[in-house]
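Listed below are the structures to be examined.
Both of the next two complexes hold chain A, though its partner changes from chain B to chain C.
Moving on to the complex of A and B:
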């Protein structure tokens, strides 16, 4: 494998070979039957549909974002401000986003059924209630498979997250090649680069040996796992040639300033570059909103970091003509309680909170559902994560009513008991 | 008469339907003002037991200060005696009686929207007499110079501002903090004031020039929590003693910012050398100290909450609290009565409780 010639020469901008291999080799694929027909894949390629999920980890407060209730016993201290959509108000902590609400739709009547971090994340990202005997793939894996396929130049499912971690088995039966590739701190690990003590010739010889061993193994014991393992090297090589995509320092100072000189700003800027490079699904996690204590101070702090770069990203996607082909979702694993506890905190809440969507296939400016006057219950148009999952797929032109076929048995792509939220689909 | 924290007892208790945020006495000590999560300010009359709602803020407030309009001519004891002489009981039972007149004073309050309101605090039903847009975002605290001429405010725009307390005219902006400014207080000399920010920097300012004279270090009250990626800290309460000692109340040893896992702390600065001393609860307690003050014998008192409510006393040189009270609810603020022998706490349940430290004779 050739050594990538990085413009900045910085190890910080390298893509990790081990990261890809760890993902690809983690579990065996239960089925690799192609989902999309060649025709539909080609059509999707022309449109380059993509998905961006901005994940406000810990559970953002709907009161301090998309469904403010000022002047009520639950509303807290902040005011509601007008937006670019007449009649729609959001919390004052999001002034930059407010000016772009005509690009976004709000669902204010989500009941995600489980006020728990891990379960909530699973439900929100799979669109499924927990079921015994089956683990459903996350949205990112589904998008990677259905939008990008197995021969995409870039990995189809990337998760930019603060700190370390990531790399979960979130593709389940779709196979490890669609599992999330973690990009911790927006800086892929440095161990991709050829060690300085290893010459190019020695590296080529090493790779030739690996290839011959892989070929010999595959002739006798070929499996989905070995296929995924081999494919990961091929994909890694393609990515190495696009390593510049990960280098946000290539952006102008002016652009960097628009996104903000903090981790989340850099992460959103990286997300835009990855989407431009053809990555089907990018998830950017922003930490953290689990504000059991001093909810208001911490939402000032965190949303102050979220608002401006998110607005900049919407502008960039729009200016580049990408917004109409890129679904943007802002979600959490849950919302936060109407009741303000004695420590000025809000606790876990799933019975009536908000998610925002925009871009591809979404009717900008739409508002669906309503909570009551002080946000303690859903007053109109209750929906669940399963309805949202259908909506995400419809928005990027995919059919959620088709089936995957792990082990030759049909598994619906989305919960067959639900359907898309038609009011927000363009 | 020496104060005895172990003799503390409830003298008055008021209930409001909405949780309380902050509390302050008027200069005569007759009224207790408490801000509330319903945006109102409650005025509790310690003499008659009456209560009056001040309506004008459109958001929460915590910062309050009271400016006397002239020399003090009455005190609660004389007012109470007046009520008793007319055959009325003291406390809630006296509500129906005509209240003795109060000395004129102005209440100045601040809110989350950065707005200041001047109120005719002594009126039967106080109303706003002046409104000033003071800060971009939350105006967290206000303070009055000892001569009553200058008002200081601070807020989330990282600024400290000085105002003409009588007219509301802006006098000066003090810049230098790099994070939200949580509290401000004047030195008894009136020539200096101190302000404390989220990151634990306490600035000592020259009131006449606006120059920062020195920085005091209260960083023990700040932490950047790498798990939640947020800063926690700040002086939630602040007070300056007649001898110049500066007390800042907050939280330390934070292991989980978003669950409030940490310990209450008061950082006490010596004015002359700026050296600090950490005052801690003697018993293990998880939570935050939200209010702090000095009793008239120099005892430091702080109130807070977390796993329940607490009031701590530090007498003498002991760095560990010398006595602890357990109020019925989480304490969100504490105010010392002007006489220095009583204090009040504002609670998350909506209770405002006035304690006396006078021994029953």
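Moving on to the complex of A and C:
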């Protein structure tokens, strides 16, 4: 592969044409001039707010997690245990989380109105009731736009999920630059790495030519679209330069152990690395809680996987001084029925279940709302996904009453008929 | 010309088209109205595009790809002063024209929704046939709005309904957006909060055409067809109305009178009565009246919306912008021009190819997209410079194949087009203006195997051919093939020098990288 020494030589020449096909070294110097240094990135990261959503896919049971009802007809076989917050008990399947309950707030009176996987997820993540004629952006896209913006160093909306797939229309009118970048199975984004056979020098050389042509074109035809196009290559370069962020093997063995040597542990550890690198919103999906059969066995298994890494993550965020700036949310698309069916399962349920929040802007140890003695109905302070959506935004210092302006018409960021759950805001 | 337009349209033509100017071709009249839209238009407007800029632009707009280097060379060498018109006519007669129009109208009508009940291949064939035959646009719209999916021959036209699951709110909204230039989605639950013209009653007037329509046997079946009941009224209440006053409406186009509807005789409501596993057929069908109501000359927004969308397709921006926001507070940039286009389109019996040709012949379309140095303020709706448009997913796929010398028959191009649709297609059901660039798109270009497979040398492709040419000729061929222009002196010097210094064995791979740099430049990404 040719490199380095096929330049035209003259320094003046190189500068006047922005180093088009100039030596790789010179190009690299020009290319990095506009990037933030690692130091300033770190400073930025400390002040910047971020959001982590741990999404227990399939619909986690509130009975086996945050709202146990031991000894009732609906309660199931598990005990409730004390937590680090006097008077607050959670299910015995979460001992590590229980010891960190002072960092978390529980909302136990959620009526999400939609006991369905796809629709429930949409309602929970958009904070909106379905409306014909408009698709609302998901929380991740909203956070990416409002916390990170167009020029963010890293993509602002990342979804770590087990298996393949991912990549969906979750940014709607905010535009595809805020749509989730899927990280299936914790692998880095597709096509992040240089193809084999292309050396770093050759890559820089070809990129210098691309850049020079783009510059020449943009001089007389500048537009928002052409600028966005040019900027996207710089962003790809920055993400490539930080490809190591996606590599959880760089963590110590001890850290890896604390998070657990399984997919969810690795994914949560990756989420921490991404948040540290300045990503505005990370969603980690943990599958699968859709326990129509054998609800109790499955929750032992699933929560056994969830509990330790989640506690480790809270510790790490706290130790790094990042918990004050990172909102952590544990949610699902719905909860599960009080009634235990004949297959020892629990079915879909939206009328009275729990969501947990912690970190930025959240009053640790708070408990809001109550279900009745056996969890069959909401007894106090009913809230909906719309109230939660307001709360998430307030917690990270955003104004949910602002408007977006798709097609020049105002669309409130959060449902104007709702407001934040002030009792859990710090 | 047969007197097919209704009496109202005929009257309009008589009133507004004096014989003297009627002889002047439409493109000249368009340019006059564009010039009149800015106080110093003639002084400030950019000069005509140069040959390369023109040829690339017209080829992309009219056939959805870029010209081959042979076509570029031949065009440059042609001394005929009428060569641009000749080229436009050649492109409009080429098979690329119906393909390009089919791609554009697929997106306009379906907005990248999933193919559920009408397979892609059948739909594309239907669209291509439509534009190959240059079927009148009103007839095309009537097919889309009336096909019920029961006849295999016309089933593809029913895709608009079928692949929207027959969902009445979705169809009401999209029908309004696509054919009537109105996004009434916000008027479903109340009068539009910010657009005074968009009334809830208009929304439900459209919905009343289809409120009895459903998918038979049900929406879960991929072979479902459209069926209709004989009864069902549309009643609506504004969520803002505290008194909860219910209103009723029959089928009605926005702003027009409700249809006169026959009263079905008791007991004779059905030609085929509903029964288990039987598709009912009502004696009187509301849905059957939809196509005629939408395309009626008494519904002038139909032609107005059609010409505005065709204008936007070619010029990159509608005279009404966005194209689905036609209302009093968002007037057209050139109201007289829009009226003229709509009138002439109707007079020409909704001849799409004729209108596209006239628009392509305008000076407004053929202007350079380079902003003249003296021009500091470039209002996008004054057409002072040529349009700058991101290539659609399909254009990008075809242009990349052509540029890199990997052309193949359309059938073989399908997987490549599908790959580009996957990365560049945008969100299903969302209008996509292609003005943003995602990380996954950029990584797809930078490192993805699809683009690398096209750019790196393979027997007979561009990188392979360049590797065998003397360096200076390779530089020319590279720029002509990819960017439809010759390299500047500097570009030629640099590329020639770089190639000369590259050992012969490395040259083909290096040529692949040069091709990559050109196809990923903004100059390639945009139609300019």
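Assume the second predicted complex is superposed on the first by the 340 of 426 C-alpha atoms of A that agree within 3 Å, B and C clash if a C-alpha of one lies under 4 Å from a C-alpha of the other, contacts with A are read in each partner's own complex, and residues count from 1 in each chain.
The criterion applied here is as follows: a contact is a pair of C-beta atoms (placed from the backbone, for glycine too) under 8 Å apart; a residue touches a chain by one contact, two chains touch by 3 or more.
Predicted model, so just to flag it, every value in this text is computed and none were measured.
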item	value
Chain B versus chain C as contact partner of A:407, first or second or both or neither	second
Contacts of A:120 with chain B and chain C, given as first, second, both or neither	neither
First (chain B), second (chain C), both or neither touched by A:148	neither
Chain B versus chain C as contact partner of A:206, first or second or both or neither	second
Touched partner set for A:78, first chain B, second chain C, both or neither	first
Chain B versus chain C, judged by how many residues of chain A each one touches	C
Touching partner for A:134 - first (chain B), second (chain C), both, neither	second
First, second, both or neither for A:343, with chain B first and chain C second	first
Contacts of A:177 with chain B and chain C, given as first, second, both or neither	second
Touching partner for A:361 - first (chain B), second (chain C), both, neither	neither
Set of chain A residues, in rising order, touched by both chain B and chain C	none
List of chain C residues in touch with chain A within their complex	169-170, 173, 183-186, 188-189, 194-195, 322, 325, 369-371, 388, 390, 426-430, 434-444, 446-449, 452, 483, 488, 490-491, 493-495, 497-498, 501-503, 506, 509-510, 513-514, 516-518, 520-523, 525-526, 528
Of all residues in chain A, those that touch chain C in their complex	1-2, 5-8, 17, 20-21, 131-135, 155, 167, 169, 171-173, 175-177, 179, 181, 189-195, 197-198, 202, 205-207, 209-210, 213-214, 216-218, 220-226, 228-233, 235-236, 239, 407-410
Chain B partner contacts - residues on chain A that touch it in the complex	58, 70-71, 73, 76-79, 162-163, 263, 287-288, 290-294, 297-298, 300-302, 340-343, 345
Residue ranges of chain B touching chain A (in the complex, touch as defined)	18-19, 37-39, 58-60, 111-113, 137-138, 156, 226-232, 257-260, 287-288, 305-306, 329-330, 332, 348-349
